[in-house]
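Two complexes follow with subunit A in common, the first pairing it with subunit B and the second with subunit C.
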Partner chain A sequence: MSLQEVFQEISAADFFYRNRDIAGFTNPTRAIYSTIRELVENSLDAAEIREIPPDIYLRVSHESGPTDGPGIYRIHIEDNGIGIPHEIIPSAFGQVLFGSKYKLRQTRGTFGLGGKMAILYGQVTTHGQATIMSSTGPTKVHEYQLTIDIQKNKPVILKHKTHPNDNRWHGAVIDFLTEADYTRAMPKVLEYLQQTAIVAPYANITYVDPRGRLYRFERATTQMPKPPQETLPHPYGVDVETMKRLIELTKERTMLGFMKTHFHRVGRTIATGFLQQVGLPPKKNPKKLAPDEIVRVVNAMKSYKFLAPDANCLSPLGEELLEAGIKKELSPEFVSVYQRKPSAYSGFPFIVEVGIAYGGEIEPKGGIRLYRFANKIPLLFDEASDVSWKAVNTQMDWRHYKASPDMPIAVFVHICSTKVPYKTVGKEFIADRPDVEREVLNAVREVARRLSLFLSKKIHLAHDKHRLDVFQKYLPKIAGFSAKLAKKEKPPDVAPLLKSVLRYEKIEESEDDQDEDAE
Partner chain B sequence: MSLQEVFQEISAADFFYRNRDIAGFTNPTRAIYSTIRELVENSLDAAEIREIPPDIYLRVSHESGPTDGPGIYRIHIEDNGIGIPHEIIPSAFGQVLFGSKYKLRQTRGTFGLGGKMAILYGQVTTHGQATIMSSTGPTKVHEYQLTIDIQKNKPVILKHKTHPNDNRWHGAVIDFLTEADYTRAMPKVLEYLQQTAIVAPYANITYVDPRGRLYRFERATTQMPKPPQETLPHPYGVDVETMKRLIELTKERTMLGFMKTHFHRVGRTIATGFLQQVGLPPKKNPKKLAPDEIVRVVNAMKSYKFLAPDANCLSPLGEELLEAGIKKELSPEFVSVYQRKPSAYSGFPFIVEVGIAYGGEIEPKGGIRLYRFANKIPLLFDEASDVSWKAVNTQMDWRHYKASPDMPIAVFVHICSTKVPYKTVGKEFIADRPDVEREVLNAVREVARRLSLFLSKKIHLAHDKHRLDVFQKYLPKIAGFSAKLAKKEKPPDVAPLLKSVLRYEKIEESEDDQDEDAE
Partner chain C sequence: MKKSKKVKTTKTKTPSRVEQKKSVVLSALRSLGEQLYSQLSKKQWPSVRMPSRSITNIHYDQHTRQYILGERFVRRSARNIRHIRPLTQLVWTGSFVDELAREGKTSTLRDVFYSAQAYEMSFTDQAESDDIITDLETVLEHPREDFNVFPEERSAIFGDLTIQYTVRGYEGRKLNLASHPDGMMIGPALTNAEFAECKADKIIAIEKGGLFTRFIEERVHDKYKALLIHTAGQAPRATRALIRRMSQELGLPVYIFCDADPWGMHIANVIIAGSANAAHLRELNTPDAKWAGVYASDIVDYKLPSDPLTDLDIKRLYELQKDPRYDTKLWKREIEAFLRLKRKSEQEAFSRYGLAFIVDKYLPARLKELG
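What follows is the complex of A and B.
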């Protein structure tokens, strides 16, 4: 074997094809789950970016092969998102590491990889092509049939035609074959869709499964969260490479202008102070910085007191929508939600939102049920490695909050950020960055406190009811007996007396007050 | 913002630069650990491939900045591996997804990514270049200074010179600056090196830390495991994409020849039987297969009864070396090792080797201490998500084996395969593929059984000693008293009597026998 044969270059598509495990395409069970998830998330992103209440239609139908093991299935999804410009469609679906998600902006997708991996997996298991139809709203709809040349990481267009678009439809339709073990994946697929309905209560999701059963997740509101904004890099998150790229791109001629234009929350005063501390003249041309000066600036940025990142660019769900989502899907007896103030890790802003719920359709399962979300994505796998799991299961003493493992309690944690610190490309769990961990723990403590008030009332109410039952049973008898003794004709009315021993109102009435108190 | 700005293509280097978390370069603590690990592993691979007992010299020295937080450090590593052909050096170190590890062969590295990520991380944090010196043994040593153009994913050569190589040295020297929080990373770095010394007992590793302290892990043997071999793909692991590539490459003109030449353990008989079942004439030209025929062949491959993959291509450590490694680093009171027969998942062969040890330098820590290895790499992070952790901590009932959490017990699990099913690019934990899980559990059960024999003996020996102590105390007195009563001059000799009550020999002596019994 010659040396030339030993070393080789592979394309990005080839890398992810060879290592599809790390993108969540491990086997036919996991692959169909990841496929559905990536496609649904792209559709939600495409609608939310322009505040369109999402309408998603997903169909998985059995094509051939066994149904009690890996077989061939057809995936079909339609959305009402903004659509993809037609000249970009082939690359957007047929080229790995090409996309619109390489910005500092909160999106569900972060790697620009998921949708293509779904199509690529379909291709390598069925040798099929993908059909994509899309329009951004003008008079034509474009339809492409394509495959991915994995070794070159390029789309291969098999067919391209246009259709008239009389009603100015915008959105995308994707259709392809893939190998799947749907039967084994089903529970996770349905759980994923239900949790998505919780965290996107403004979306209509219609799902037709391989047996033709229709699952419909109706929107509970048309109110949409404010769409996420693109943001400038914060000085705390900048490294030498980013700095070099900014210097290359900039049209600013002075360091003062450069600092003000390219960094998040840096104005004249802060820029001047910083440049003074780092010993650079404000008029210096950024393109003339020597390599060691760049390093000095970047290092100084990490310790200078800049303003904390602004979370205005983020799109949290908001307490109202989170509560609506939980109520809609789980109808709990008690629910309380809480949004923490924005925080930041390494220059990336993030917001933690949590909810707690009791009863309703929550089943007691020997512990707190944890629902994890990141940028409005439900996370279903590798729970035990997640920062929220750590907080809920190892750092909280639930007895302190009167909660016990046999109670039907669920905790919801939603972390949104311009950069969620995932530990895998499969987006399954979030690293325990200290700042994130602290925020999650504080948030969970707050809602746990509210739950404990509810549980106290519930316990007292139960006592009260027992007490009242005793009084109700004996008071009329005592009254009657006393009346006879006193030779009165009519026994006294015991109702006012009974009412006076009531110590608590009905629990439902006090619940709202309590929520307001806690805010 | 125009649409052209919204969509963009990024290079593979750029992708991993933006998502360095997923490759184990999360922060300055984790990054220095990953840097050391990736470099040491590349060096070990480069020596083992030609059965050279590795000699590795690693130095981390503090350059500037604080030492109680992130500062700038110099990394310097030298090995005696086979070296890198000089024309390939720039790409091998300056281009992501270029390398020699994209073969079906058991190597520590699997992604062709680690070494470059280490250099890339150094570059983005310090703006420095990397210096690489290497020779494959001829009369010249080549020295390169280079940086990575991240946006283009290409090396930028700053300097290239040659030195005479009079003593025909082969190996590589790498030197660069990087940001690191060494103080916080230190425990994991030392643990990593010690565990590497366990699993590569034939390597000399010298490490000089930033304070100038020298750690020397001496080899315990010069016996080397047989180097791993490249192997053909097994029909069970072939998908449509692999099949297409093989058809494109092949020089065979018939399906029979094609099957025999390109697949693992497929001979004439099996190939003929398979082609008959799938309904293709043996003389059919593979290049003339229609797309749906390719799909049919690939699907049929999954269910046909082929021979199981042959593990000859693998390079397990072997029981002898594993035992030597454990003894060398932990000096346990008891050790037993066990290698399972080769097995396979999805067409990839793998072998599980386990060890169990008691006492010595193993500290009791309220549970079994687990050492995890994959292709001779120690795995130190995310233990709870690993298949071995699951087997040892949730599937084994250790009480059944007389083991208790307060005992100084360590379990060692080594999985080697042409494709280790890692769940992250950071190579931290192994997925619980059912076949892998079963092999690990069976292997651990076997050594646990041997441990329980040792523990039984240990308990009996303790009883025995107690019993003997009692006899030793009273027998001479009884003998003396009896002698007096019988008016004998000299009491009888009790030594033979004492010996006869001994039920067990000294435990050290029986240990070896027991090991042989179990094999």
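What follows is the complex of A and C.
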């Protein structure tokens, strides 16, 4: 969540409270998972936006109630992100907001909703308040204690104090109580943190769980991905509502200027051509478009031949970082990563990055392990509905790559886009859009080819080693026994023959093999 | 025919047959070692060439009247990863039996299997180690009994033959094979013994132990001047080799007496014509030995109690019909008789005419018939 953006109040907080399923707060198990996920992602975004290698400290401690079912837990998270200007802290955390996203770029969160949802859920289930401490780096740290007035969708400030900031610290600390079934959520929480560590290898993540166990995911690099640039919406991705808002906002007086200013990769020539096709005069004032004209423009945009979006607005991880992440968390015997060229679906640019890893800490589990990421967020639920699952499990014939599902193989698929094509609002799996599906499959095939080269080399080496072992075992015995039979003092030297063993190829094995014994 | 035959035995100077054979085997072993040693010294991959024992390379030889191996050879080379283990096992077995021969000790197939384990040479199973022994036989062209490896099965001999031991601890001692009424076991010591004196003029081999004892009780050895051999079913190779030696060295005719069924016939036939399994070996068969019954026609002629042939028996008879070893008038006639009669009898069936009938009536008639 970045603060240079304009925030606008949208609907009442209780709308989201009543529809909390949408945001992943269905039950106490899912809620604690979503809470942790939203807070960690906000922290990562807050650091990455200015290329600060993130340092995140997360603690979940048991406060009261049972531990083998829903109980009360305290959530505490600290980050070294850019911090929040003190005057908007109450709104940022105490008011459900809509981030103004007329400009597009890739971030983890889209609506700036998750963090607030987490606090709201905590308040509703525990009647507690949230403590927020933050500084953007000047001389003071601001601390707020607040609750949310759900009906009015307003923050209620209970306490506000400042502390001196001698170290010029910047970042945020959030602390609140919430209801959670941590025991049941634990496996997913740990999986989430590890997968986050894979996809954010430049982050230090420290986690203390309710039993006091420390999990530490150390950064493997301080190199950061290039932050995404803001970009205009591409005509293919615009709907009537967006169009209306753009018209309301624009300062342009002509349709030609409007098209040029507000759309991605639209210049004078393209704008003129498009307007001619729709039958609108270039000089027409956009604010004077009739509702049916707006619909006409939007529909025409879907079919007109615009330039494909470019991918500057995307922030892929990059091959180097993905490889570093996989290596540091799984120490595989082999890893290969591959980034596809940018592509687009419905006017939204996207990039597919994949990795493949073999052996090391990857245990065979009777199927290929799949790690899915979207905009650097691990996706842990509904695996079988995901486009990547389809590619890896039904479209790939692993036998062609000398691989089989019972080998310790993991495949990593990262899709980054200004608009990830999630299939549902739960944001846990990605739709099998043909363009996305093609890119994923091609990328997986490429790394599978590399794995197959590695595997054949490995088989070859194992074969060579086996040959050498066999020769080393038997040749000295032949020398010894034949010397004994021939009444010689010393067995002949077999070293020169052993040396030549590895140079032999398979030729020798097929020869002289017809001496089967028979009755 | 002479009453007694004194076999020319050697006291000291010229080596005996047994000793000669022993030295031939030892030198064959040594040259196997020298061959491999010299290949290795020349930085060549050691290899051994031997006739292929593949079924397509086994032919019946009309001249020697036994199965022999054809022209095809195989090479066991250490360079081939699938051959190096059996080749090593072959050389190890060679050095193992070399030691046996030098120390005058004997061993069994089972022994070889276990001894290998002391050299980290373990065979996967007994079949594998037996196979290597057969390889060694093929390479050395001598049966394993010649290099002191004997099977477990033992058969027996009884009759007026005096042997002279060559085995360690018994050198020069003599024994008359009629000394014990149960017969003498044909083991390594007897196999390696010299024949000192023989008063018998024929050899009668009998399939069944009960009948062997009956023959001794009925003094067949006296009445017919016969050496009696109990084959105990299919005759072990040591026994087949001994029959051949006695037949050749002592000039005795051999008569074989088995059950009247395809399996009994085959016991006789293997003593006469050898087995396909031993196609790589010579001097195990006795081509002039005669099958003395019980014939299919005897079942009719003597009205013997009989049982119907099973499907398996009949299948076996059809196999024997195609077998080149059965390509003589007598065999063919009797196979056809069996197939016609579809009945079989055991040797003991003669007992319906009293215990002595087989010895007093049947045997003299058959011996006369066979000349």
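By definition in this document, the second predicted complex is superposed on the first by the 443 of 519 C-alpha atoms of A that agree within 3 Å, B and C clash if a C-alpha of one lies under 4 Å from a C-alpha of the other, contacts with A are read in each partner's own complex, and residues count from 1 in each chain.
Just so it is clear, a contact is a pair of C-beta atoms (placed from the backbone, for glycine too) under 8 Å apart; a residue touches a chain by one contact, two chains touch by 3 or more.
Please read these numbers as outputs of a predicted model, since none were measured by experiment.
Chemist: When the two structures are overlaid on chain A, which partner does A:144 contact: first (subunit B), second (subunit C), both, or neither?
Modeler: Neither: A:144 stays clear of subunit B and subunit C.
Chemist: Which partner does A:182 contact after superposing on A: first (subunit B), second (subunit C), both, neither?
Modeler: neither
Chemist: Now for A:126: first (subunit B), second (subunit C), both, or neither, which partner does it touch?
Modeler: first
Chemist: Examine A:423 and indicate which partner it touches, taking first as subunit B and second as subunit C; both and neither are also allowed.
Modeler: first
Chemist: Counting residues of subunit A in contact, which comes out ahead: subunit B or subunit C?
Modeler: B
Chemist: If you stack the two complexes on chain A, which partner ends up touching A:492: first (subunit B), second (subunit C), both, or neither?
Modeler: second
Chemist: So in the complex, the part of subunit C that touches subunit A is made up of which residues?
Modeler: 29-30, 32-37, 40-41, 43, 45-46, 52-55, 58, 74-85, 87-88, 91-92, 94-95, 98, 119, 121, 131, 134, 276-277
Chemist: Sort out for me which residues of subunit B touch subunit A in the complex.
Modeler: Interface residues on subunit B, with respect to subunit A: 3, 6-12, 14-15, 17-19, 21-22, 26-27, 65, 70, 85, 88, 91-92, 95, 97-100, 102, 110-112, 123-127, 150-151, 239-241, 244-245, 291-292, 294-295, 298-299, 302, 346, 382, 384-385, 421-426, 431.
Chemist: Which part of subunit A faces subunit C closely enough to touch in the complex?
Modeler: Residue positions touching the partner: 467, 470-471, 474-475, 477-479, 481-488, 491-494, 496-497, 504, 508-509, 511-519.
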